[in-house]
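Every chain is named by a letter (A, B, C and D) in the order it is written, and numbering of its residues begins at 1.
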Amino acid sequence: MTRTDHAGVSGIYTRRESEARSYCRSFPTEFVKASNATMTDASGRDYIDFLAGCSSLNYGHNDPDMKDALIAHIAADGVTHGLDMHTNAKTAFLETFEDVILKPRGMDHKIMMTGPTGTNAVEAAMKLARKVTGRHNIVAFTNGFHGMTLGALGATGNAGKRGGAGMPIPGVTHLPYEGAFGPGVDTLAQIEMMLDNPSSGMDAPAAFLLEPVQGEGGLNAASAKWIKGIAALAKRHGALLILDDIQAGIGRTGTFFSFEEMGVVPDMIPLAKSLSGMGLPFAALLIRPEFDIWKPAEHNGTFRGNNHAFITARVALKKFWSDDRFQTEIAEKAKVLNQRLADIAALVPGATLKGRGMMQGVDVTSGELAGAICADCFDQGLIIETSGAHDEVVKVLAPLTIPMAQLKAGLDILEAATRARTAPHSHSQKIAAE
Amino acid sequence: MTRTDHAGVSGIYTRRESEARSYCRSFPTEFVKASNATMTDASGRDYIDFLAGCSSLNYGHNDPDMKDALIAHIAADGVTHGLDMHTNAKTAFLETFEDVILKPRGMDHKIMMTGPTGTNAVEAAMKLARKVTGRHNIVAFTNGFHGMTLGALGATGNAGKRGGAGMPIPGVTHLPYEGAFGPGVDTLAQIEMMLDNPSSGMDAPAAFLLEPVQGEGGLNAASAKWIKGIAALAKRHGALLILDDIQAGIGRTGTFFSFEEMGVVPDMIPLAKSLSGMGLPFAALLIRPEFDIWKPAEHNGTFRGNNHAFITARVALKKFWSDDRFQTEIAEKAKVLNQRLADIAALVPGATLKGRGMMQGVDVTSGELAGAICADCFDQGLIIETSGAHDEVVKVLAPLTIPMAQLKAGLDILEAATRARTAPHSHSQKIAAE
Amino acid sequence: MTRTDHAGVSGIYTRRESEARSYCRSFPTEFVKASNATMTDASGRDYIDFLAGCSSLNYGHNDPDMKDALIAHIAADGVTHGLDMHTNAKTAFLETFEDVILKPRGMDHKIMMTGPTGTNAVEAAMKLARKVTGRHNIVAFTNGFHGMTLGALGATGNAGKRGGAGMPIPGVTHLPYEGAFGPGVDTLAQIEMMLDNPSSGMDAPAAFLLEPVQGEGGLNAASAKWIKGIAALAKRHGALLILDDIQAGIGRTGTFFSFEEMGVVPDMIPLAKSLSGMGLPFAALLIRPEFDIWKPAEHNGTFRGNNHAFITARVALKKFWSDDRFQTEIAEKAKVLNQRLADIAALVPGATLKGRGMMQGVDVTSGELAGAICADCFDQGLIIETSGAHDEVVKVLAPLTIPMAQLKAGLDILEAATRARTAPHSHSQKIAAE
Amino acid sequence: MTRTDHAGVSGIYTRRESEARSYCRSFPTEFVKASNATMTDASGRDYIDFLAGCSSLNYGHNDPDMKDALIAHIAADGVTHGLDMHTNAKTAFLETFEDVILKPRGMDHKIMMTGPTGTNAVEAAMKLARKVTGRHNIVAFTNGFHGMTLGALGATGNAGKRGGAGMPIPGVTHLPYEGAFGPGVDTLAQIEMMLDNPSSGMDAPAAFLLEPVQGEGGLNAASAKWIKGIAALAKRHGALLILDDIQAGIGRTGTFFSFEEMGVVPDMIPLAKSLSGMGLPFAALLIRPEFDIWKPAEHNGTFRGNNHAFITARVALKKFWSDDRFQTEIAEKAKVLNQRLADIAALVPGATLKGRGMMQGVDVTSGELAGAICADCFDQGLIIETSGAHDEVVKVLAPLTIPMAQLKAGLDILEAATRARTAPHSHSQKIAAE
């Protein structure tokens, strides 16, 4: 969905910011404040945030405990930038991550501080898988999204994004995700046939790289059975399993990792987005220790290990994951979300519910309609975006910490917008008028 | 230079951090505080910082004005993460960057907020150059360093880093930088012959990508004449000129951009490292407006536009670049640095001075010796690193804001270490003993 | 199937010929004469040839009319090698090909003389498709075989062959051929979904490259419906249709082109193998005139246009294709072949009939069994080979000109060998004993 | 040089042959006979052949002994096509090649029968080098020409040919050939520096692939010193040395191999063009036995091992290389050629002599002038072509067997044409008039 820049905002953006800018076109106002699920613009108007930094703000905007800890760190001249040297902030983060996340889940993974973007963590994973196996071919999946740098872009399915590369991108085979050919087709069986056929033309895979829930690709949620099938295929064919939990992880689906209840142990897990807790740039790659064969600095980067992010991430882990209260809270909200979205889907002929946990949406069957609904929502004070190969899914990514009343209020807006757009005589006219 | 982890630091690092970690091996202690050019470890010991986050801390650690502004922003619930939506922090940064940097230099460039890492800004530049020209081939240079993600890694010269890719990296031709074949060889003339020969095997270039001073490659500083020659060649052959100012820019060589006094106007300029002012992850790509042909979100990323960095970057621009006092100060320090390094170079047979401005060092002719000197310096309280294809250059990257006395104190340590390592009978024995 | 070199043959082969040699290992004797479907070795023993130079000898060995014409040409100092200059031999070939083949079939294709190998004709087709469309991606199919040079190898499915490249081969997407996932799966529908999904990760295709019958891949014969579906998809997506008729063409399936009765007009058709008529190296690429946008010599080669082959190819066209008698004869033999192979298949539990026309075989369910049958046949004076991803298909490629009695005699040998290998108690023991 | 098709030739060429056709445009007549150095067209006009099938006819057209042997083979139903099975023709060829060529030169190489084109032999060499070393990068050289299939095309320097690929071609680094940057520049030293610099961006080479004399690239002849330097570099860096003797070998420079007197032993040697003796399609790759690690059929092809070519090649080896008379004869003619070309070069301001042996020419400083001279020669009954990156070299590739008087007669025509084109007032006018 693309609209022109808001008249009320300084011309500096059209004058000086690159045409690559995007979300500001959908939400044409200037934001000045944000707290939990509420963003406030320069005119003082509040908006409910159902986008949450594309799942970078699972704990909401400016969590007070994270703020306090970060301000204290800054005030005390705590290290802001330390390359990848040891700092007390880093030590504390690592110890907390081990205690709160890894140990309780029986995970022996090591943590690689990559450059502080999801695409960098994915690139590190792809490089390491190739290095470990001596193979070049990474299997990625239809509708997958893994980043914009050349290596990760190769694993991203979107043709428009891929076209930005300006050249063929080698090293990736794209296979069908679960359900890609409709409900009746067992894509896992087909993938197995491709792998078992020595004349399939598919080079032996270094890794399978996939998102348990495809955030950008339309909220396609793979079943545990299918992902376990992929894991078994990977093992049998000497390939690594990389589960990209950048958007679906850190509680978004109800558990810290989106695959926790699936019975698989990924060889590598790229994390980013909500990992820092407060939306600060931060990414990491979890690696099974036997595959951690990097030489020192073989993959490096100036901003790997953001100390401010260590501070807020540690607070987030302690506050939300030390016990199961947060998971219970997410489950309750997810249930409400599911019921309300089912009602909304019922308004649109052919619409279907997508996703799981607090990562759900409605496939309204057309990108035009989805875009119109989201635009109307914004007019009514709700920030919400589309997803999917044709932008046909209205996607709810509210902060997990959103108060129940505000969640419902946002869903009210969404329902009203959907109803208006799908009421007889109204829909086609309004879209046609834009 | 690689050493084992310091005994004093928690075992969490060896237990849980990936083997890719690196600087912590050279500087095996845990840092807890940092201010301007001083870092303090957990035992309370102070270190002079001649590394400055690899030039990410040109204004020193934790500048008080940046700290105050950032704390105020956080305390007021200013937007922390806003994807690339308009925010007041972003508006103010863009307006300041236009007023303080672009306008006075007559630059009409647009600013693209890329993912907050240098490699991402380079990837965006490479992609855009290919898209603009319809050509795939990027010319990069011997000893160049541009990043670790697959596209940028293709333009990076270092074989060890390239090997991490685990596969051939297409799309880049590496040509000799100025001086790569010794002082007597005019590499520019040779590059011209390669380009003018339709049977050279070199595909028509989309862009020339180079660092005016090669920070990682050994502080090789190209002359204005050579860079103007490359610019002219690029123009004649329909290629874009991309000057990667990630390490050499933001005042490091004495002016905001390292090429300011060279008489060239780059088509694209990747910036990162010190752009945020305080070491926060932040990167941008400057683009001549006629080449800003991105479609919305064609290159995107969750953390593009780090609002905390907008705050500190704006303070940095206003504080240091509103008049020419800072430049004068840098020039004075650079002069001292140059004289002292010349003295140090004189201690080592065959050693040569490298670099320019506050980005200088000494090629001590062997990586072994350079590593030994840096290790000794750390023992004496000085953080300093090597650079170059063989790690043979001892590189001084002190904060530009370092007090003159502290700069001299650091150089005293460096001189003493060099003297000790090069004194008769001492050098080989000490290295052998390690 | 690989056996050691025959003791009776000079040691020159083991001493001096590369380990890449292959058929000589399956048929370990030295041949000295050949006529129609009979090859004779140095000891005077005759063999029935059911391999026919892998379909390069559709008109049998040393056709007397071709021999006479070729000898006359040589004796008269006719041009042997003329690069791609005009010669009377070339003029006559082109005129005959136009009159006998193209005009009667309403084909407006132009003829490109490529290097005299099938792989060269395929490379030319791939290059031209990329040039015409400005796209790099060629869609090839599981079990496809198109050649051994880097470009064509990219389109070849066989992992062992692909591994010979020693590097990733870019530019090809491999999709499932008809029946690749079993009889119940409509691969055409899936391919359509991949193409219609803008997030499938599949780059827009320059061409679809496929064999109407997969000779090396196991005698998989696509239906007219499926190939018409691919043709329609290609047209709708702006891609060219390349039907590789190198092995299946020149009468092998019953008509000159294997796709003649399918209702499709390929944009390009690589031809080789039996094109020269007598087994001389010769290849050509047929191109729809609107796509013949080559610049002079843009794809060239020393041996393009083999004048000896022009002579024999012209004789072949006139002798066999001026009327429909040859087609009728092929149809009769194909019918006999089909019936006899059905009987043979019935001997092997689970075996199935493969292929069509004079390009049929039996999938005996294991490469081990197929190899053993072929080896036994050779002992009994029949030259026959396997095919398929697991070498599991016993493939009959007799000359189309083979006398009916000899065809039946060969099939008798095949049937006896199959019977012996599959009789109770005999099969597993004999294989195990090898 | 491109001219329109000759009016006298049938319209079949413009109607049905692809636009890729080329030599027929320079020599617009229809040839019907050829003997030694004379070609005769349909009108009965004789032409002196200074092109010799681009060095495919080193023994002239239709050598009577080769003709006799080939006719006898055909008449006796000798095997024409036998895939790579053992035949008496093949046995005899291999034994002769061993006795006459390999043994006397102390060469232990094995012979791989590749597809019968030069490009196929080069592809096999590149694949094998990558397989042997586990590295992908082949070093090729400016102005090199190695073929048109994707792998070999990557090693070919010509931009027009490369553009035919329609996509970037990976896996090759192009470095400067001897003299590429003028006489004062030691390219070997620079190549050494690139290899020794671990940050040069050049990936470790699998092989160095070069022509001792660059036939298409402008008759650049490398010195023994330079080639030995490359051989030493290859050895030191674990890379193979591949000397492509397709155009310069088989006597063209005076000895069977062009590098015989240089003191190097190539690891692989692609041969084609004159290998068959009579211009029949034939190619082979010589491989040091320790690198012959092919698996059976890992690189295969239908026409590998052309039995007709075995017959003529054996005659050629016995007739011309059993003693040193042929070499002496070549040396005498080369001396005459050299003297006469020196005289011709003296007619053109700035012109220089190029090449060595019977592979010499004159760089007349412009492709326009060279093309005009060749066109005039053809009008006077001499077939001769240009070479070089700008087609600026008039290249003499007469059969080595050409009678001395005919060689001189051809040179007389060339001299007259050059004189006419460079006489005052005549040159620019005549070119302008075309």
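Convention: contacts are C-beta pairs under 8 Å (C-beta built on N, C-alpha and C of every residue); 3 or more make two chains touch, one makes a residue touch a chain.
This structure is a prediction, so every number in the text was calculated from the model and none was measured.
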Original post:
Where subunit A and subunit B touch, do the two copies share over half of their residue numbers, giving same, or under half, giving different?
Top reply: same
**OP:** Over half of the contact pairs shared by residue number: find the pair among B-D, B-C or C-D that meets that against A-C.
**Re:** B-D
Subject >> Approximate Å spacing (C-alpha centroids) for the pair subunit B, subunit D >> reply: 49
Original post:
In angstrom, rounded to a whole number, how far apart do the mean CA points of subunit A and subunit D lie?
Top reply: 58
Original post:
Taking each chain's centre as its mean C-alpha position, how far apart are subunit A and subunit B in Å?
Top reply: 30
**OP:** Could you tell me which residues belong to subunit C and also touch two or more other chains?
**Re:** 136, 160, 167-168, 170-171
Subject >> Of subunit B, residues touching subunit D in the complex >> reply: 136-137, 140-144, 155-160, 162, 168, 170-174, 176, 180-182, 185, 189-190, 193-194, 197-204, 217-218, 388-390
**OP:** Would you pull the subunit D residues touching subunit A in the complex into a rising list?
**Re:** 167-168, 170
Original post:
Quick one: in the complex, what on subunit B touches subunit A?
Top reply: 2, 6, 9-10, 12-13, 15-25, 27-35, 39, 42, 51, 53-54, 56-57, 61-62, 67, 70-71, 74-88, 91, 94-95, 97-98, 102, 110-113, 115-120, 123-124, 126-131, 134, 136, 147-152, 154, 160-161, 163-168, 170-171, 206, 272-273, 278-281, 285, 287, 292-303, 306, 308
